[in-house]
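Per-chain residue numbering starts at 1, and chain names A, B and C are given in the order in which the chains are listed.
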Amino acid sequence: MIATAEPGMRRRRLGASRDDLIMRLGLGVGFLLLTLTVVAPLATLLVKAFQDRAGGFVGLANFLAYAESPALLRSLHHSLFVALLATAICVTLAFAFAWCLTRSCMPAKGLFRAVALVPILAPSLLPAISLVYLFGNQGLLKGLLFGASIYGPIGIVMGEVFWTFPHALIILLTAFATADQRLYEAAESLRAGRLRTFFAVTLPGVRYGLISAAFVVFTLVITDFGVPKVIGGHYNVLATDVYKQVIGQQNFQMGAVVGLILLVPAALAFVADRFAAGRQVALLGARSVPLAPKPSPAVDAAAALFCTAVAVVIVGIIAVAAFAASIKLWPYDLSFTLGHFDFDNVDGGGWGSYRNSLTLAGWSALLGSLFVFTLAFLVEKTRGLRWLGAATQLLALLPLAVPGIVLGLAYIFFFNAPANPLGAIYGTMAILVLNTIVHFYAVAHLTAITQLKQLDPEFETVAVSLKVPIWRSFLSVTLPVSLPTVFEIALYLFVNAMTTVSGVVFLYSPDTTLASVAVLNMDDAGDTAPAAAMALLIFTTSAAVRIVHTLVTRGLLARTQAWRRRITEAPREA
Amino acid sequence: MQTKLTRRGALLLATLTLAGAIGSGPATAATELVVYTALEADQIKAYKEGFEKQNPDITIKLVRDSTGIITARLLAEKANPQADVVWRVAATSLMLLDQEGMLDTYAPKGLEAVTANFRDPKSPPAWTGMDAWMATVAFNTVEAQKRNLPKPESWKDLAKPIYKGALVMPNPNSSGTGYLMVSSWLQLFGEAEGWKFMDALHDNMAVYTHSGSKPARMAATGEYPIGFSFEYRASSEKAKGAPIDLVFPKEGLGWDMEATAILKGSKRVEAARKLVDFSVSREANEFYAKNFAVVALPGVAKPLPHLPETIATMMIKNDFAWAAKNRERILKEWQTRYDGKSEPKS
Amino acid sequence: MVTLADVPVPVGAAMPRPEAFLRLVDIAKQFGRFTALHGISLEVFKGEFICCVGPSGCGKTTLLRIIAGLDAQTTGQVFQAGAEISALPAARRDFGIVFQSYALFPNLTVARNVAFGIENRGLARLRVRERVAELLDLVGLAEQADKFPAQLSGGQQQRVALARALAPAPSLLLLDEPLSALDAQVRARLRGEIRALQRRLGVTTVMVTHDQEEALTMADRIVVMAQGRIDQIGTPEQVYRHPATPFVAEFLGRMNVLPGRRLPGDRVAVGDVTLHCAAGACEGTTETVTLCIRPEDIAIGRASGDCANMVSARVERLEFMGSYYTAHLAPRGIAAPLEADLSAQAVRDLALRPGEWVEAALPRDRLRVFFGWPR
């Protein structure tokens, strides 16, 4: 008898339940949407780089043309120099700051932490404008530069360090938090000194965090064009080259070429970061004992002093922007005015831009958080079609490797192609929302996945055994339990939508001008004070939303998530 | 059960509304005219309202940017034009577009009243001039005193080494003001001498800005003491209290016309023509006269604060045809020579 | 003429016997190159409490997931209530499940957790409430209905999980190591409670556990699994008293294992000692055999009686076990050590001390003989 003729020997597969089909369908739709909004635009960008203006294939001609111009090497050199220097300074400062927050017993840690994260709420243009007021030719502290000009690498590096500091800090704080008390106790019992312990235990413990932070900062700096645009003077970098080619000369093909060049360091950083992130997690065993720092007056005082200095600089830079926005004519007429907030008489689209930014941020936060979380749920929980889940996961992380400016450019190519039926959204708010969600997709997705992994994997199994449809268990258990994470994602998307310039600068239309882009345009026209005013407005809005978020998380969640609050009241076994 | 259903219904409705709100663009009750302009942001509102008041069935959707950007954008969109009208963009740019065959001809009502040199010599004309703006140097007296800089009287003065690092001018690639200066120097001094002059000027230049307004504003705050700009921006900064003097170099002032034209392929030609008609109307010219010393209709212009009444006589004899025809070549040459000091956007 | 008997009947196509409520036929599971289950066949009868027991990695959890339809078997069939469900996804099978982690929904109250599977099924709200109250009563948690899971103790949470699983009145209850996360005392109490509840409801139950004591105390029948195979199926007494393999013998309870050689006349040579076995117990094909005897079956005395299977042994160590002692013995002429359990009174009476010599009796009817030597 042939084995396969036996029914009992046939290789079996479970039939798909309705839930399985719904989830696979959902996953498929998610995959398709990400393909349309991530892969297709990037592919179009790639194609454009090999075409001439008329759309004919020209091979490497565009690349050769760019390589022949001395501009490339100069910009590349500039970009690398600025990015490396900013990364070195930023990561060093963030490392020290994170150490102080986690390993010292200095007072006011909460306050220091809050202040250190403030720059994330401001567009990158804000520090650049403040630096002009501080160190420009009429700057308050011009003397500190000893005759050097702020317009150029010095200004760019200072601005970028300010802007990227919180990003590095968050990563390093996580790395420091994974420390195991037992290792320190072991070191102490072996009579290792503070310094030796630092090099033998502390540094190796956060090494992946350091790598990750360095790459993240490097990518942010090399792809940011807000800071070099405002304060770079004639110090060209790759990011501004893209902008220059596209906006200045409407040379989209050349823009695509520079964009692709920009993609290389970002993609490398992405790979390195994913590698490091994977390793960092592995360092924290389930049996680790969290580290409790011991007081040491001298060390704590030094830590407090250092953190105070950093905090003063951060607050100072915001304060200078506020000052710039509220005086009549720097430096000649320092009387107070709110006149610079009359945006309707300057470039950038006036108050309408601000309203548009709120609309963009609101929609991005609402739709983005729900979509991201739902798709992350489908990626995590869909049974069967594992390749699809893996592919979707890859697409969801891909935006981390794509600089905003490149994504924006890719969106022009893809959505503005006459043959594309999706072109209808070109020039509308919808494309801005889409671009913003996609631009910041990866971090949001990772946050959602982390949360989902923390949930009991048997929730769904139980629901299935109880014959409860998946959408109901999703809506009544998974989503409510994960609400803080969903809010976190929404806040992240909101703040980034308010502050981002690089993704949307190519995509806004006269009806959808944005506050962050307005800052750029005002500064271009020399309206620095209104630019500072708008940047401040963006910052204030982000900060206000952040505060509301905190209150909501505390208030509303306390009500809907009573279970979370009362965990500590669990009785001992009778 | 019923409450569940209604709740679900409400959710569905909300989702649909939401999709609708995001998907749909602005309301399209009136004819919407897509207009590209290089007009200053602080002047737009009055003009737009003036026109829309007269033509309530037409709304203007403005795309504003610097002359160079608008020009580049129009050229890039040549195959698939997005704009109906180019409104108040430098005549040299419009002539260039005309040479590319991108402009529709139209003789607006009241064209005959317009001063001859504000008209396209062709008939029917492809573009119609509205007003003129001219190179003006903003000179910060406070900073000049600190740096011990004498007040310049001529363009050639400004090329002297004493002004090293003290000058800012707009990049002609992006700024119409920048280009009219370069074009005027080449016309005034001849090509060879002109480039030599700009070489010397380049040595003094701190930075080339993206927009024509920015040099005046930088001079106003003293960021750099001397900014090459245009008369409206320089005088408005002075009016705001900036310690600047307006300098009109004695060799003569480069200038350009702001002009209007309809793009070939516009699907809203009727509305577009109304905008051109409005542009040459007396009412519109009175608007221009509030900001510009020289306007298209004779007798409308009136003296403006901080500007000499004789400013019209200081303007050079401008060969627009030459300036338009050679625009691309000149800009390319300029870029090769001086681009290093441009702001990132050029 | 071909009779029915001549037609080859495929193994799996045999009609399930009517009394078997759950029937597994030749279930195999392959994970890549690793075979987790080799041809498992099992019948579970209605109302029965079955425990699958075995060390971790023996495939018992995989088997449970295949019964639930959470994983697909590579080959083989599953029948439930007479119908083949081999390819049905979990959502279309009829079972309730309880996990080691309880998997209670943390944001829902106890009552809503229990109601989760019966809400929105066209059941009147009042009826749902009644059913929830009924179940909470059943598990003794009526007072806790409005609390959240995190406010309950582990044992209480597990009872909520049980009530939730039972709420839709499933015909099959699956328990995946339900007591492993609990303290010893609570565990002992819950064993009895679950067993009583199961009897009362008459729900067919399959429980998976690695704890032999749990299996012995709770199950109607025990399925002992090792390395993806079933070693033995039987009542607790059967598997304990008459283990089918040395593995079962060692896994369930403690066991003394003595490798030996078969001699004629129901005798086995273990080292220098010859032991007598029950008549016919040694009839086999191999020369090597393994003798097994449980510590509680060894009798210890001072005098060397003339009864067979008396071995002199030195007391190495006396281990205090609370209600009894375990004596670790080094028998003369046998390499393997022996363990014997003695009551506290016996130890007192014998005045046993380490280093002394005693006589250990290995009753022949308590000696189990396995062929071959232990792995």
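One rule holds in what follows: contacts are C-beta pairs under 8 Å (C-beta built on N, C-alpha and C of every residue); 3 or more make two chains touch, one makes a residue touch a chain.
Computed from a predicted model, the values in this text were never measured in an experiment.
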Could you work out how many touching-chain steps separate chain B from chain C at minimum?
2
Chain closest to the assembly centre - both centres taken as Cα means:
A
Whole-Å gap between the CA centroids of chain B and chain C:
89
With chain centres defined as C-alpha means, what is the inter-centre distance between chain A and chain B in Å?
37
Report, in whole Å, the distance between the mean C-alpha point of chain A and the mean C-alpha point of chain C.
54
By the touch definition above, chain C meets two or more other chains at residues 120
For chain A, which residues are shared contacts with two or more other chains?
none
Taking the complex as given, what residues does chain A use to touch chain C?
1, 5-20, 456, 458-459, 461-468, 472, 476-477, 480-481, 560-564, 566-567, 569-574
Chain A partner, complex, touching residues on chain B are 18, 22-26, 41-42, 45, 61-64, 66, 68-69, 72-73, 75-76, 80, 142, 173-174, 207-211, 213-218, 220-224, 240-243, 339-346
Interfacial residue positions of chain A with respect to chain B in the complex
53, 71, 132, 136-138, 151, 225, 228-229, 232-234, 236-237, 240-241, 243-244, 247-252, 328-333, 344-348, 363, 367, 418, 424-425, 427-430, 433, 509-511, 524-528
Chain C residues touching chain A in their complex are 8, 10-13, 25-26, 68-77, 86-92, 95-97, 99, 101, 103, 105-108, 116-117, 120-121, 148-155, 164-165, 167-168, 170, 174, 182-183, 185-186
